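First chain written, first letter: the chains are A, B, C, D and E, and each begins at residue 1.
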Amino acid sequence: MSSTSFERRRRRAGLLFVAPAAIVLLAILAYPIVESFILSTQSVRLVAGGVTKEWNSFANYIRLAGDETFRRAVVNTMIFSFGEVALVVSIGLAVALLLNHPLGRWGFFRIMLVVPWAIAPVANAVLWKWILNSNYGILNGLLKSLGLIEYYQVWLARPWSAFGFLLLIDVWKSVPFIALLLLAGLQRVPQSLYKAAYMDGAGRWQAFRHVTLPTMRSALAIAVVLQTIWSLRVFEIIFVLTRGGPADATVLMNFLAYRVTFNFLDIGYGAAIANIIFALTFLLAITYVWLMQPRKRRISS
Amino acid sequence: MSFASARSRDRGFRVLVVVGLILFVVWSAAPILWLIVSSLMQQQALIVQPPDFSLGNFTLENFTEVIVSAAALGRGILNSFIVALFSTAVALVIGAPAAYALARLAVPRANALAFLVLATQMLPGIAIAIPLFLVISRLGLIDNVLALGLVYLSFNLPIVIWILRGFFLAIPEGIEKAAAVDGAGVVGTFLHIVLPISIPPLGAAAVFAFVEAWNEFFFALILTRQDAQTVPLVIAQFAGQYQTLFGQMMAAAAISIAPVIALAIIFRNQIVRGFADGMMKG
Amino acid sequence: MSQIELRHVDKSFGAVGVCHDINLTVEEGEFVTLLGSSGCGKTTTLNMVAGLEDPSKGDILIGGRRVNDLSPVQRDVAMVFQNYALYPHMTVAENLGFTLKMRKMAKPQIAERVAAVAASLELTPLLERLPSALSGGQQQRVAIGRALVREPRVFLFDEPFSNLDASLRVKMRAEVKQLHQQLGVTTLFVTHDQEEAMSISDRIAVLNRGKVEQFGTPEEIYSRPATRYVARFIGNPQIDLVPGELEPGADGAVLRLAGVALTLPDFVPPPGAGPAVEVGVRPEHVRLTEAGIPAKVQLVQPVGAATHVVLGWEGGDLIASVPGFVHLSVGAAIHFEIDPRHVLVFDAQSGDRLM
Amino acid sequence: MSQIELRHVDKSFGAVGVCHDINLTVEEGEFVTLLGSSGCGKTTTLNMVAGLEDPSKGDILIGGRRVNDLSPVQRDVAMVFQNYALYPHMTVAENLGFTLKMRKMAKPQIAERVAAVAASLELTPLLERLPSALSGGQQQRVAIGRALVREPRVFLFDEPFSNLDASLRVKMRAEVKQLHQQLGVTTLFVTHDQEEAMSISDRIAVLNRGKVEQFGTPEEIYSRPATRYVARFIGNPQIDLVPGELEPGADGAVLRLAGVALTLPDFVPPPGAGPAVEVGVRPEHVRLTEAGIPAKVQLVQPVGAATHVVLGWEGGDLIASVPGFVHLSVGAAIHFEIDPRHVLVFDAQSGDRLM
Amino acid sequence: QDSTLGVFGPLPPDPAPPGAAKFAGAEFDAWKAANGADVKYDLVAWPQLHDRMATAFASGSAPWDVMYNCGWVPEFESFLLPFVDDLPKELVDDMPGSSFSTVTWNGKRYGAIFTLSLLTLFYNKEHLDEAGLGAPPKDWDEFLRYTKELTRDGRYGFVSNYGDPAGIGGTASYWMAFLQQAGGTMYAEDGSPAFNTEAGVAALQMMIDLQAAGTDPGSISYVGINDATNVLLSGRASMMMNWPFMWKPAQDPKGSQVVGKLAASVLPAGPAGTASIDGTDAWTIGKSTKDAEKARKLIEFYLDPAIQKKQALDTGWLPIRLSVLNDPDVQATMPLAKVVLDQAQHPYDSFVTPDYNEISQAVGTEIQKALQGQKTAAEAIAEAETLASAIIARRG
């Protein structure tokens, strides 16, 4: 008979609850993940109808240190990731707040929310490529007919401009889910706290700052962490829109890993880049989780 | 709700909200509107400056072309449906209990474990593509819809667990205790109390898992041949080396969004439903 | 100027009417309590005064000025919430200081005021805790402190003491009363505890299903309740109501209750009243005697200074309040008397008091 | 068999000790109340009995069997929570029926039982509402109903009436008491309301900072409090404590308080006690007289059947409880007397009662 | 003894095999019946072909019998079967000898090109007429002058796609055409890079000059050739270097504004004459095939004169067989055939090696920098050669 204490009983149930998920993850991902770590310490070649792998210790990683394109990709990636997380979370929060306002509760808005996210990334990238086209893109047409520009602009020609548009498109695509997540979080903020803050003289901004933000801490933490993971994995739009160009201005680490692995077939080196992405994501995520952790219950003696 | 109305007396703010909502709709919808417009136009009208919107250039041909000639689209939608439903359903069914356990059930080192779960998603897919292909092909499961679904499951599960865990952490302990005294075991509490009050995050997680599986491209590309092709692959087929059939591609994309939008319409109220008031009063 | 006035205020949630034509004036510096049973609309009324809910109809005035469209800050009111509504992520000190911070008070001053309020509420050792690590009563004290820490024109209290223990409750009552005497701030207080209402208020408004049944001083309400409802609501233990008949007598009237006849001197029933009436007898006016009306002991409830003895007799049940502890066993035979001078007579139909 | 026994139970949250060596036996069918001020560990103790917290040390027995390791269901206890803990997604009816559903009772039976309980709690019109659309008191009644709907071995109540209005509270007290008499279910009840505790309990355990100060019948606790703490805690209004000195007298002892000397007949102070003592006088034992000790009126608080008059005299403040409404103005000169037979004497150091 | 052949290739409208693209369906069915073979097509959109193959090869398996290849033969050499020597001699003789250069590695021929796909110059006759320029430009000087003169009325004289540095059709590959026109080459006899020469710099300078003369400034942002093609087809550019494939879509009024207005000619000659690069659409056979014989038979069927003719007439992809290229029907429907044949008389090496992707990536990126003015032509070429040397050195 199960005769254990309250907490122990819950712990045991907890292990049972976690088990299926753990098994699925282990069964599917354990080998590929371990293998990718191993690959990163190997030099891999396609020879004689097969593959040879040769341990080369940390040669791949050492080579990374001297690889200028890689260095550039790291810088780009960091900028992109910080920019994206900041933009997506703040726009997502703004959208969530709008949709949580009584005026924004119309179901139509929630449907609109899903729209940018529902489109397949491949199609999305091509769509934007056409929108941004310097010769027949609708964005140029629109801006010109509004008198905002005189000549059609080559949006993707200048490094920063191309970079900015990639960021914008990815933000556009990422906002819906984060907004949805934050909206679900907003629903949990007790109304009574707003009443109290209102009585305490807090304006809208202050209520937001002192009630909404702190009570949404966990939802925000999840949003930031997930968006960080995703922003470090951006791929499709670069592949379709710029191929990392012009002149490697928009090469992000994941795209570089792809290029090295699949175009150059330098699989070990590609795995090394991927593992750096992993390490970077891990560090960033841990940092964010730590930063966003709610304050420990403080008990004075 | 009535408090909100008392508070939103302030006209200026309402105007701000309305402007915000309009901007939001424009921001969300404008590119998609262009997608739909361009799917209804002949390419020659789109490549001129500015686009030629004269009536004669509008046509349903892209759609008929996509539906009739690319029969792959129908199969792609079906496959995507199977894959997405399968991976979403399983992700929720096994992810929600795991999230609950990691949030509430005193699992040892729950925080570290939760982070480890998430860490499986930190390695870019490109890095595991080749070993994963190897495993799946050894098992003879290349071009198998369910194998693809399982792979997506392994991608969605950690995210689902994370989303739900964050929300489960915020459930007031009191009602779990009440349920324990009322005779619900851990499972009963989870099923009857925790899940029903977590509909908004469950909705968010489900929509997430579904859309991700619906739209995933890279693994679909390498793990399928013809039979298990999903919608994104079909859409990608319109972009060739020398020529992109832009109109048809957009028509296919428009068709592929439809089921997701339909789901959003059906579940629009479930996606975000709040018990905030009742939750915190208690 | 901080008189509060409610004029013909109605409130409904959707189709459900919660407040009906409430008219109420709290004079400047007065301490008025809204007293009523659970769900009668007390919180709703308070919220409307605070500016947290809009009345469906009618006007709310503070200091003679219509404030329907003003925010709570503009109304300059402070409120203690029934469910505490503490900020879960802020420490006790931060909860207390929040409103001052919103007023851009300097940090040292905030700390000083917070410390003072915390001391008076015995919260000092808890200042650094989060609300989740406080017991229910401790949380409520923080909520009270949050209102005390600033000095508004109007204080609103929504059952602030309901979770405090007796001694602290009495202490807090005195504290609030004293504060009120010191600052002279107009106060609207909500409680369902009639004793609390009686001991703390200048005037009491008894609410019943969203209507004001009576508005008067504690003594008026206790001794001259306007309706049967008010009489039942006020007094602990509750007044006993016994059905009876009113007959015009020699001088005054005669009241017949289950075989007992009480002569009411100098009482002339108003025309159209009776003969069916209900007679209210407060427990302290029931005396246990050697001879008198015979009855049986049903239940004995000691409360310390007195013991409440439930008596069963012909006319129904009646509670007698006896000083000290009495040692009666359930079922024992006993006799009692009713003091006719203190009897309340209500019209059985309308419930209005006849005498 | 459903006797509850706590043996040397300790509980701490992290480093903070909340319960210390609690020993308590609730006999089968007995109604015992845990009475204590806010934060003293009442809820924590109840939770340990319910099986919702594990004691840090010590054993908990129900029916003579150690239940430390049993789940709440296995212990067969029902509990009403202090913060209601209603299921926000279920209607009132579903909230009430949940525990029966968990027991796999048939639907029609559930509906029947729910309807009966709802009727007795005046919840019938609210059955289809969600908790968020209920007032605070309505929510609490649902929480009580949830425990009443089944018939467990042990009832646990955590301040179930704190949000109810007076009349309903009295009604609910009687209801619970009656239920207890009917079913004879062992009951552990938590309250901070001493009057409630006195009127409802067979025995009361007074808790102070996680320790049991006294465990006895209401009369014992009121009339013979073991410590100064208990004396202060019990009684409304609170007992007054006046510092004094104890001198051995002719027969018994003499008590000197601020110039007043009281002779205590037949009282021999134990060795080592005094001379510094504190003297407790209950308000009902202070009489206003024409002649006697002179004092001034400080505060007048009517409570209906009585009025509490705060008197200021040489020795400090003293409350007199006077029947009915008295019309005294603040500052008026007055005289009073103390009944020496009812005086309580405590050692000033230890706080233990000497007499 | 029925067997199933797996064929991996691109989807239409890119050069797809019979049965997949709409031509020669009946013949294909007949062939299958006659040979007792079933053919299972595994077709992927062109941009994904290489990834799909790379994944399969990198995990050690090549599940297809017949594979499409496009400049990747040296890269995937170890997975391919050198089958060309087993083809009928008359077939091999009927193909341009130089067409084998991109499918030959280490002296072995691994593939058969099935469509003659060389870059030629497409130009808008109407625009040239308006500008009073009768004939297409013949040399670099004329090319520059034409570009300048044609840049007017909101149009550009020239458009290209310089967005993607790597691969056939990428920035580097365009430069390779100019390089050969300037008389240069990529590699020395020993395989080491040898393009940091006057010719190499001149070729890049020519691209820079063209840019200044009137290349659509969007060219640097066009990552696919179709982005640039659309500009030509909308009539907003007058000249473009393009593949024969585009002839057919240009005649389709649904997608083109310049129906009947386009013409083609050989690429303008540089100091060393005209030259081009090869699109290299080839069929190859996987090493792991169970039935190499039948796989080769299938390729022979694809190259059958009748099929080749249908391919040309129905899909617009030129044949590779000289006899079919010279077929009057073909030349009548596809006037382009003659131009491309002419172009084929001149060099058209694509310089594919196992490192082609990596090298073209490195070189193309340097060229992009030069086109953007970040570097001079000489600096860019010098740097490109350094990078290329390092890549080759690493391969060992």
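The rule is short, and it goes like this: a residue touches a chain if its C-beta (ideal position, glycine included) is under 8 Å from a C-beta of that chain, and two chains touch if they have at least 3 such contacts.
As the structure is a computational prediction, the values presented were derived from the model and not from experiment.
*Asks:* What chain pair has the highest count of contacting C-beta pairs?
*Replies:* A-B
*Asks:* Quick one: superpose subunit C on subunit D by CA and send over the rotation angle as a multiple of 5°.
*Replies:* Copies differ by a rotation of 180 degrees.
*Asks:* Considering only mean CA positions as chain centres, point out the chain farthest from subunit D.
*Replies:* Following the centroid criterion, the farthest chain would be E.
*Asks:* As a quick test, compute the distance in whole Å between the mean CA positions of subunit A and subunit E.
*Replies:* 37
*Asks:* How many angstrom lie between the CA centroids of subunit C and subunit D, rounded to a whole number?
*Replies:* 21
*Asks:* Between subunit B and subunit C, tell me the centre distance in angstrom, where each centre is the average of that chain's C-alpha atoms.
*Replies:* 55
*Asks:* Per the centroid of Cα atoms for each chain, what is the distance between subunit B and subunit E, given in Å?
*Replies:* It comes to 40 Å between the two C-alpha centres.
*Asks:* Which subunit D residues sit where two or more other chains touch them?
*Replies:* 13, 51-52, 71-72, 83, 136 - these are the residues of subunit D that touch more than one other chain.
*Asks:* At least two other chains touched by the same residue of subunit B: list those residues.
*Replies:* Answer for subunit B, listing residues that touch two or more other chains: 3, 5, 7, 47-49, 129-131, 180, 185, 236, 239, 244, 275, 277, 279-281.
*Asks:* Residues of subunit E that contact two or more other chains, please.
*Replies:* 51, 55, 58-60, 230-231, 234, 236
*Asks:* For subunit D, which residues count as touching subunit A in their complex?
*Replies:* Subunit D residues touching subunit A: 13-16, 51-54, 68-72.
*Asks:* Of all residues in subunit D, which touch subunit C in the complex?
*Replies:* 13, 36-39, 43, 82-83, 133-138, 140-141, 159, 162-168, 170, 174, 177, 192-195, 198-200, 218-219, 222-223, 232-238, 282-284, 299, 301-306, 308, 321, 323-325
*Asks:* Of all residues in subunit B, which touch subunit D in the complex?
*Replies:* The touching residues are 172, 174-175, 177-185, 188, 192-193, 196-197, 199, 275, 277-279, 281-282.
*Asks:* So in the complex, the part of subunit A that touches subunit E is made up of which residues?
*Replies:* Listed in rising order, the residues of subunit A that touch subunit E are 44, 46-51, 129, 133-136, 152, 154-157, 162, 240-243, 245-248, 259, 261-267.
*Asks:* Can you name the residues of subunit E that touch subunit B in the complex?
*Replies:* Contacts found on subunit E: 10-14, 41-48, 51-52, 55-56, 58-61, 63, 154, 169, 224-226, 229-231, 233-236, 243, 245-246, 249, 253-257.
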